[in-house]
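Here chain A shows up in two complexes: once beside chain B, once beside chain C.
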Partner chain A sequence: MTRANDILAAIFDAIDEVNQQLPEDQRLGKSGEALLTPGLSKLDSLGFINLVVTVEQNIQQSFDKTITLTNDEMFSESGGPFGTVQTLADHIALLLD
Partner chain B sequence: MNMSDSGTIISISDDNYSEAVQFLDRFKSNNVWRNNQFFDWQYNSSAVLAGSDEDNGTFLFIQDGHIAAISMAVKTRFHFKGKLIVGAWHTEWFSKKTVPGTGFRLIWEQLRRNPILCTSGQSLYAANVLLRMRKHVWFEAERLFVVFNAKAALDLTFSSEDQTKAFLQLQGIPRPEMGTDLELIDQFDDQYEDLWIRLRDRFVLSTDRSASYMRWRYLDHPIFEYQCCRCRTRNGQVFFVWRVEQVPETPHRVIRICEAIGEPEILVVAFPVLYDYLSDGGYAFADFFCSNASVNGALVAAGMRPVITMHGLDLARLFSPLSDDPRKRLNYSYSLQPSLEDPACFQYSNTCFTKGDTNQDIPNPFST
Partner chain C sequence: MCDQGYKGVLLSDFNVGNLIGYFCNDKGDPAVERIIVPQGQVIASLLKEDLECWHGDTDFCVVWTRPQAVINSFQKCLSYQSVLLDDILREVDTFCSLLREVSDRVKWVFVPTWTVSTHHRGLGMLDAKNGQGISYVLSRMNLRLSQNLQNTENLYILDAQRWVSLAGAGAFSPKLWYMGKIPFGNQVFKEAVSDVKAALHGLSGNARKLIILDLDNTLWGGIVGDDGWENLRLGGHDPIGEALVDFQREIKHLTNRGILLGLVSKNEESVALNAIRKHPEMLLRLEDFVGWRINWMDKAQNIIDLVSELNLGLQSVVFIDDNPVERARVKDVLPEVMVPEWPEDKMLYPKTLLGLRCFDSPSVTAEDHARTNMYAENHQRGALKKSARSLDDWLGDLDTRVQVEELNQANLKRTVQLLNKTNQMNLRTRRFTEQELMNWLSTGLRKMWTFNVSDKFGNSGLTGVLSFEEEHPRGIIADYVLSCRVMGRKIEDTMIYVSIQYARSVGLDHVIAEYVQTHKNGPCLEFFKGTDFVFNANEGCFVWDLTRDFPLPSCIKIEGAYGSEMA
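What follows is the complex of A and B.
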């Protein structure tokens, strides 16, 4: 598997984990296009931050590297990393470089 | 993605206040926020007092032209390890269910803007969100009480057992010492300011209770009438602030002490002077919430008692209306920017927060 796939897998695993705690109609889809932006996705505030923390943990396990996704850029004017699953994966790839 | 769909964050202002109140009515109707004078005092005057140039602490999340969420905070100047830092007490946070997650955006904005962000009385949901966003110290402050009238106090417990009555009849407040006196005050003067500047270094973190803060918080309050006094002893003076609360549908009144400001060894001697003064007022009891171990220790040494949560001692915490609220203590949290952290910051009993901080001593719909 490529690193890009590994990153997506780490995010999808996090989505699975968070979805287990959510009612069916609030669950996130597992695709690159799935929206993550608070207010546009189905996740409430706790669901969103749970996803962020779980993704950070999964990345640490998969790549043995600590990343921080919560920073001043997370909701920047240019969109920030939390647009879709794919934009998050791209952002993580940059952090791992 | 069309960025306009993802919403924008704006500060509350006169232009959007009415819409914000309508939005808040969805969650808590007839709230005190409807009182424009109160809102202005709590959220605008506080920002001016704190010297917050950038924002007034209250933000709206606008999506598709409408308010989707609101986050309210009282901008506050904190004293932290010898420095004055502008931060905020976060008080409320509501978002429309149809646009979930927007509250997170606003809380994030609050954390981004405030190197010190505190809360009080927060729910487990809010704690679960905040604790994942930035390191928070979440704790419960002790509630102390003292009885003036055991029979009246018994009416305000949820038990009528003999042991409850016997406990409430315990009296441990000595007569005031010779050479002590109490003076009601209508200003916090230079002597107060000098005392506070000496005292504040005892605390790792505190709302900066300067004379100007005390004036804003208690003397300029738009709805509540607070009593403030100076107690002189042979070795120094202390200041107390309290409020009388009528318990609805009962003949009883209680005293909510909001501040006890002084050196601990002086507080021990001064508290009996306050107790003696209040004893003639026909009150059931007085209570006080504080996070600081030295202040609490001094008041316990003076005869106040910590509220014990066992069955049979369920002294009501809320009175308007009377409510058997299970939270016999009051939770607080504080979060520091990582650059401010050091191990001493995490010992919460070295902080000094009281029920007078943030919006915990707030009028309810029945009193507005």
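What follows is the complex of A and C.
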């Protein structure tokens, strides 16, 4: 439970960071259901790249482990693991195992 | 893209989306309303004078490039090919000539120095030594950039290497580069935004001028009233004591930039002053402070009193106190005062002070260096005022002399600084760069006088500026600016006297002064209301009929050639 919370905290911190660059009406919410995929969420592709790279950095800092989220799947139509905050958190948990 | 405030142009060879986001969302003053990023290459944008972004109301431009993108021969250097340093520097010269052209199109230009990714080790041990090493060549390029542009008065080179250092390991992001053509990590952009905004703040005349300090656990460790001055933590073989001495040293250094120091402390005044006088490790002495309020009263009220005594505005003040309750109180009651968050750890005091951007100012003049002395002289004037029989007696006793000069190369820098920094006694609060001022003066029948004030206690320096336009049959006081250092000493009247005498000598009928209200220049309105100028409500300006004389205050002597002309 603690690890799941820590993963969510790392994603939320990344959302805070990316929100600092966005106009108020384009900012992401901090909930498990918040959509992340460009086109489905408020993020454009630049914001999405920023978010994913920042999540990678935050996970590295929190868990002292390097994970790679940046891959071709990022921009797939389904969104893959990047659909929502919760699916991303679940994906990160798998990568950390 | 963003809402209100300054308008800027960003020229870069990389994706500046993140940078723009931080510019627009940063809550600190001043606000940035709009950032335009022209399409196309940097060099092309620099060359094309007819681009829309160069026309209209753009305030500033940031030209931030990667060195390998704009200096072709540096690309060879990066790939360890042999290249002559002179060839690289010639390309730098060409790039600088383009930057100079941009400086004619906008008010201010900011050019971050060139950096290369810290992941690039270059030639390793030879990189800084060898004439071909990347870090060696880059430092020469940045030096050349700085030298070439040092006389371009509205162009400022910003130290991007410091942003990179502050950002640490995340300064360069390969992932952001390959996925988004963003070379830097976000912390670098945040530092850049803070520095550009600090520069805009300073250029607009809003740099902070006065630090008001607490004493106990701020300037020294411990409570002097409880512990006694002999037992305070300050200096000695003690990390905290050493840090506090360093903190005092850095504060003292700021006085060389023209920053004034004051004290507001809850203490018995005699006990606190005794500690300042007697503690052998105190670097700051009473003569370093332009004033103090040491008592048991509310600190916010004490700050108001002290600032009023110094003829400064609250927007000039930074308040430093270790106590979060006192900080919260001052923040709440005096929102104009800057109250930085202060660390609990005293070893972080010097670092926190050195990181403050609120003192950034576009120039440091001789007047800045001497400012503390001038305020000390003001203290002596104040003492004389208390003993004098009346205001006129006091002014007479001061033996005030005013030297009037027309604007010239020698006084141009200080004049522009005064025009851009003065808020209270300022008729229209017009801000100028040196070039803009010279351009304005070169058209029509326009004049600008400067006023140097001295008295028996010392020289207050160039503290007044008045510009005048002839539009026969009327004359217009276009700028009327007086430093708060000499306000209330009849210099105000002397400046008007000079302009009225001139207007009569060239056969004008009347002189007008249009007051443009800001939220800071109420004192100027009060001055004009207190004169015999007539307020013309239709034209919204004060009018002086030149059939009437405007007398020179009896306590003032005008000196120099201009004085005899006036006489």
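Here, the second predicted complex is superposed on the first by the 88 of 97 C-alpha atoms of A that agree within 3 Å, B and C clash if a C-alpha of one lies under 4 Å from a C-alpha of the other, contacts with A are read in each partner's own complex, and residues count from 1 in each chain.
Everything below uses one rule, namely that a residue touches a chain if its C-beta (ideal position, glycine included) is under 8 Å from a C-beta of that chain, and two chains touch if they have at least 3 such contacts.
Note that the coordinates shown come from a computational prediction; the quantities given were computed from them, not determined experimentally.
Peer 1: Mind checking chain B and chain C on superposed chain A, clash or fit?
Peer 2: The answer is clash.
Peer 1: Once chain A of both complexes is superposed, is A:70 in touch with chain B (first), chain C (second), both, or neither?
Peer 2: Both: A:70 reaches chain B and chain C.
Peer 1: Which touches a greater number of chain A residues, chain B or chain C?
Peer 2: Here the partner covering more residues of chain A is B.
Peer 1: For A:20 in the superposed arrangement: first (chain B), second (chain C), both or neither?
Peer 2: A:20 contacts chain C only, not chain B.
Peer 1: Mind working out whether A:56 is in touch with chain B, chain C, both or neither, as first, second, both or neither?
Peer 2: second
Peer 1: Who does A:37 touch here: chain B (first), chain C (second), both, or neither?
Peer 2: Only chain B is touched by A:37; chain C is not.
Peer 1: May I ask you to decide whether A:12 touches chain B, chain C, both, or neither, giving the answer as first, second, both or neither?
Peer 2: Neither partner.
Peer 1: Among 39-47, 219-227 or 543-551, indicate the stretch of chain C whose C-alpha atoms run into chain B.
Peer 2: The stretch that clashes with chain B is 39-47.
Peer 1: Touching chain B in one complex and chain C in the other: list those residues of chain A.
Peer 2: 46, 49-50, 53, 70
Peer 1: For chain C, which residues count as touching chain A in their complex?
Peer 2: 1-2, 15, 17-18, 20-22, 24-25, 170, 173, 175-176, 179-180, 186
Peer 1: What part of chain A is in contact with chain C in the complex they form?
Peer 2: Residues of chain A touching chain C: 17, 20-23, 46, 49-50, 53-54, 56-57, 70.
Peer 1: For chain B, which residues count as touching chain A in their complex?
Peer 2: Within the complex, chain B touches chain A at residues 1, 3, 5-7, 61, 63, 68-69, 95, 99-105, 107-108, 112, 125, 128-129, 132-134.
Peer 1: Using the touch definition up top, name the residues of chain A that touch chain B in the complex.
Peer 2: By the definition above, chain A touches chain B via 26, 37-50, 52-53, 70, 72, 74-75, 77, 79, 83-84.
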